[in-house]
Structures are given as C-alpha cells and as structure tokens.
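Read from first to last, the chains carry the letters A, B and C; within each, the first residue is number 1.
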Amino acid sequence: MTSLTQPFLSVDALHKAFVLHGQGGMTLEVMRDLSLTLSPGECLVLAGPSGIGKSTLLKMLHGSYRVTGGTLRLHFEDGDLSLDTLPAHAWHTLRRDVIGYVSQFLRVVPRVPAVEVVIEPLLARGVDEAEARVRAEAMLARLNLPERLWSLPPGTFSGGEQQRVNIARGFIAEHPLLLLDEPTASLDAANREVVVQLIQEAKARGAALLGIFHDEDVRDRVADRLLPLSPHMGAALASTPANAEEIRS
Amino acid sequence: MTASDPTASGYNFAYLDEQTKRMIRRGLLKAVAIPGYQVPFGGREMPMPYGWGTGGMQLTASVLGQDDVLKVIDQGADDTTNAVSIRAFFERVAGVTTTTATGEADVIQTRHRIPEQPLRQGQLLIFQVPIPEPLRFIEPSEEETRLMHALEEYGVMHVKLYEDIARHGHIATTYAYPVKVDGRYVTDPSPIPKFDNPKLHMNEALMLFGAGREKRLYAIPPYTRVESLDFEDHPFEVQEWDDPCAICGARDTFLDEVITDDRGGRMFVCSDTDYCQSRTEEVA
Amino acid sequence: MKRPDLDRATLLEARGVSRLYGPGKGCEAIDIRLHRGEVLGIVGESGSGKSTLLRLLAGMERPDAGQVVYHSHEGELDLYAIGEARRRALLRMEWGLVHQNPRDGLRLGVSAGANIGERLMALGERHYGQLRAAGQDWMGRVELDPRRIDDAPKTFSGGMQQRLQIARTLVTRPNLVFMDEPTGGLDVSVQARLLDMLRTLVRELGLSVILVTHDLAVARLLAHRLMVMRRGQVVETGLTDQILDDPQHAYTQLLVSSVLTP
C-alpha cells in the first residue's frame, strides 16, 4: 500500500471542452486548468453550484468523457499510470479492479434481478458466485432494501430503491478509487446514514474517494477536504455544462 | 475386349462405342485410386430410362470382355424384370455367357443387394446407384458437397443418425446406410440393406458404383476398410429375423417377406435366389 | 498497490482491409483490434459497410486489400493467406456466427437437439447420450424447455429460434463469436430477454465478440467498445460510454442525438 501521505490520484491542468458539430461547430468550454490530488484513505468532496462541471470531472476520471487537455495520473508503488492517454481497452480492467463509480441513476438492464445487478462486479473479477451472492445480499440488507425485492428487476423500483441497488453495486467491489456522484440524493435519513458508514469504511481500508454531495450534513461528515470548483472556471465560461448537455442532446 | 463380331448387327460390342468405354474406364481407374471418391463421367443415353440401371449398365459395358461370364441381379433375384432385361440386353449386344450362379460369374451387376456367397478376388460387382451423394439430403448444392468432401466436413452425417435415434430410439436407417471408405470419403453404398454393409469391408472383389442420371461413378477396391457410421452408445447393427428362411432354412441371410395368400399368410425367404436355390439343392 | 496489468492479448486484427462494391459502398482501409474477452460493437446505419466488414472479418468474404489476422493458439494466422480448408475448419471449430435471421443459422429440418449437437459431432463427438445431455444443458442455458429437445425449430417462436441458434453456436465454446444484429427482427420484450442472456453468456464463457448492430441501446448493453461506421469508413472508436456520452465526430453526435429515449 502506498504511504498515506502520498497521493493516489493527481489531476493537473485539466481542460474539457465539448465541440457541438450540430451547432455549427460551437465549442463549449466546461473546465479549465483544474488540478487536484487525492490520497488513499481520503475523501475529497467537490463543491460548487450545480452545473459547474463536478460530474464532468468524475466522468473524465471514469473514462466516460474524453480529456481535452491536461493530465490524469494514478500513482502506484511501481510507477504512474496516465489515464488521459490510456487506450480504450485498458479501461475494462481498470474499471473492474481500480476505479469504481456510483452514479445518481441506475442504468437498468431489463429483466436482471437486483441481486444480480449487485454481484456483477464481483463475478467479473471471478469471485465464486455463491460467495458473491452472500456478500450482495448482506449489502442489500444493510441498505434496508426489502428482501422480496432482491430477486426482482429494479426497473419498477422507486428512485430511492434503485439508488440503493446502485450503491450496493458500487461499494461491493471495494475499488481503491471510488467516484461518488450524489449517492445520497434520494435517500431517507436512515439510508443516508448507511452510506456515510460505507464511505467511512472505505476510507478506513485505504480507498481514495472523490465525491459530489448536495446534502451538507453528509458532506460535512465524510469530507476530509472540500474542493470548490468555481475558481477554476474562466470568465468566458458562462454557459454551464447542464446547458451543454441540453444543447448536445 | 475388341470391337469385332458384335452379336446384334449394327451395334458395337456391349452397345457403347470404344471411345466412351475408354473414357469410363479412365474414370474407373481414378475411382479405384481414390476409394469412395465420386468421379464425374460423360454419361451416355442408354436404350432405357434413368432409374432402370443405366449407370450400372454403362460401367458393365465398359469393363465387360468377350470371355466374361455375366450375372445380373435385382434385389438379390436373378428372375425379376430388371435383371432379366439387362441380362438379355448384354446377351444380345455382347454375346457373353450369362449365369445365375454367383460363383461362376466374372462380372455381377446388381441392384440393391450384395450376394450372400462371399465374392472372390478377380470378381467385379457393379452397383446401380440412384443418388450417389450421401450429403445430398442436407445440402442441395453440388459445389458445396464437393467442398465438404474435400475438407472432410462430415458432421452432418451424424446429424442424420442422431435424428434417427431421437425419433425412433435407434438408428432407423435400414438401407443406403452411409459408410466411410478407407478412413476418408463418406460414401453412399447405394440402396443395399444395411445387412450387406459388413460385406463391403475388406471384400476380395472390386466393387464399382455407377449413377446414370447423376453421371457419377465410384469404387471400393478389394481389401478396403469400410466402416458404417454410428455412435459409441448406438453401434451399427444389422437386421435379424426370428425365423430362418422358409425355403432353405438359412439363418444368416437377408430375408424378404412374401405374402402367400390374402388372409394374412406370409413367409420369409432368402432375397438371394441363387444362394437359396444352391442350398436347397445341397440339402436335396 | 501495484500497477494493474491493463494489457489484453489481441485475438483478431484487421489491417487496412478494403472491399468496395462502388464508391462509398462496402468498406475501406479498416483497422481493427479485438482483445480477448472483449465485446466490440460495430455500429452504423444500413449501408454504412458494417455487414460487409463482418463478412470480411468472419472469413466469409475475401478483402480486395489488407489482412485479417487471427491470433490463434499456434500463432498468427492470416485468414485469407491460409487455405480454404484451414479457414473453414477455423470457422467450424474455434469461431461461431450468429445470424440475424435464425433460419439462416439453423437446420430447420432436424430437431433442436440435432441442431445443438451438430458442431459437437463435427468435432468428433460420437456418443449419443452425451450429445443429448449437452443439448438439454444448452437448452436450459438459453431458457428453452429441455423437454422440447426433439421438436423441430419450425415449431418455435422467433425469439426461441434465436436462442436455439445461440445455443447451437456456443455449444463448442468458441474463442470468437460474430453476431449480426442478433436481436433484430424480434419483439422488444423478447429482445430484452435475449440481451440479458447474451450478457450472462459472454461473462460466463469469457467470450470475445464482434457485434454488428444499428441499435445503440443494444450496443450500450452488450459492447465494451464501439466502432462507428459511415460510408464504408470508421469515423470514431472508443469505450461504449465514451462514444455514446461524449461523441467527438459530427456523425456520431448526429447518430447519438437521433435516438429516441422513452
């Protein structure tokens, strides 16, 4: 394990722009010159108004968005790994073993029961199915998802229930780097509490966490540091990525 | 074999002209060299319709010599219409001696049987073949079946046998049972009963197959390995009968069911009339 | 923590393959690299050349230029430099092809069990009992009633026929599977079931797949990586979510934005 004082993740001068070909090649700059470091066992919370580019940063760290400029590096005992230059196929293993992502919304696969959604990251690593199932069920129980729902596809679940399935799926594989995009958004107090515990346990085992939390109570309890994003944005960047999403879609 | 002294004036010896016979013999040499491989040949019109043995007759005509003794059988019998007609045909156009005795014949043309009496070295058995291609049932394209043979893609042959067992509980194919010749080519042995399949294996005689409509010929040379396709847990088996032949009492021959009256009476007798008769004479 | 090994062995490669039927028709100078255990989706509209590319990659059509290289256990094989015998043996033994129309990939005249058993028999399996056991096992895996093993595919619905075709293809556990619009032509409810089943099989068998589809939702669910084709050329490649969530090329942006989301 890397020494706790050494960062696990370094982001340097990160730049992201969307070019909208459908809008006459209009360029939307949504992030400029963002730098941060994140150490194992640390939870860094991104702060700033909605649409400032917090989710965009997480998506770049997860490989879902491409990097326009700057560098993203992971530091391992035996050397660095640049994420911004990684070939696409390298992400398969990286996402399986190193970088986990809990988004706000569950992408429902039709017909797949909740428990199968949760165990999938373990099965992908070759964990024995019976063992994976035990762990998944324990996780769902902990998140107070009624047992009768476990074998049902989450398509018909409420927003909160879907989110808990998603959280279980995100935390079960114990990735060394976890990206959390408002994991508590539609949860009640009891379940928020469970998520706070899960985050603290992840920190305790040395995971580095980068999160977005709108709930100030949760934020205050899990955050080691806050990173306000607005100073990184130039004055020219009046249009928000939220608008950008609308224009692009 | 010469062209002199044809018995029926106006015809060359054994009906076909010498060029055609040479062409067919060249095909036969190739067939012998590649056991089980189907060789195309330029089939000629024969004075009878397809389906009556035109392929077998062209082969017989091509290999027949003036001193040869010919036997013709149809489903084992020497006295059925097809056998009688073909025998008469060669008597007339080749003037050769004919016989019904298996042991005395040099050349035997057959439809759907192999004689019960073991053949010996030097004898020729010529089969009449309706459909020479064993893969045709599943693959209509000739181009594709030729490629399948070339590449030994024979999995589909077992699909057919599998389907037999799935439907009937056993391999229900009883005639034209596919064989593999010399460990290489899957071959249709013509519609002989599967009872005769074991006789193909290491036979001392040269076996030639001719398909007139399809214009294909192939061969199983003497002493060639011939295996009937099967499954480990459903091995190839031949037919058996509860009763012996009602005429000669043989228990090891292929029997035909004969209806004796219109009240359901029936009996089983050897399909090989010559064999049956010779046994009866021995006993008598 | 040590640096993870992110490299994956290459399984299939196209090096500048071209096959043009006319200007912009077919495909031109395509480079592809499929890694082991990867599902690569080839997406594009009809006429984009994706089906031609599939035929070139799957050994069914010789390219005008370029090479298709398969990294087999014995080393690299140039698909169109090896003989036809070898190529067909490869298709039969190590590869599999799932057609869009199950009737193209099934033998309709023989039972479901015979359909599943055919590839095993082609590989030399000669035990009826074992063929039958494999048939029943695979019918179960693709959620067909094993009691229908002796029924003809004609008596199955379209979705069932497609699952039967998948069982027939995967029974020999091929290293590489080509799928041509595997859910095309099926009802939406039937599609969902098939997609889920394919996902499970891909993971359980560790399949490497080249998937051709015009349906971006199918691509999102099945593919790890996407290649976008247009007028015979590759306009963009990347991780599936990169292509669908952050498309770079004008055409990809148009394609992604044209999808109806309910």
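Side notes on the structure shown:
The rule is simple: a residue touches a chain if its C-beta (ideal position, glycine included) is under 8 Å from a C-beta of that chain, and two chains touch if they have at least 3 such contacts.
This one's a predicted model, so the numbers in the text were calculated from it and none came from an experiment.
The most centrally placed chain, judged by C-alpha centroids, is C. Averaging C-alpha coordinates per chain and comparing to chain C, the farthest chain turns out to be B. The centroid of the Cα atoms in chain B and the matching centroid in chain C are 46 Å apart.
One finds 31 Å separating the Cα centroids of chain A and chain C. One inter-chain figure worth recording: chain A and chain B are separated by 76 Å, centre to centre, where each centre is the mean of the chain's CA atoms. Within the complex, the chain C residues that touch chain B are 84-85, 88-89, 92, 107, 109-111, 113-114, 117-119, 121-123, 126-129, 131-132, 149-150.
Interface of chain B with chain C (complex): residues 138, 147, 150-151, 153-156, 158-160, 162-163, 165-167, 230-234. Across the complex, chain A is touched by residues 1-8, 33, 35, 37-38, 192-193, 195-196, 199, 203, 221, 224-225, 237-239, 241-242, 245-246, 248-250, 253-254, 257 of chain C. Taken in their complex, chain A has these residues touching chain C: 1-2, 18-22, 59, 63-66, 76-79, 81, 86, 88-94, 97-98, 109-112, 120, 123-124, 176, 248-249.
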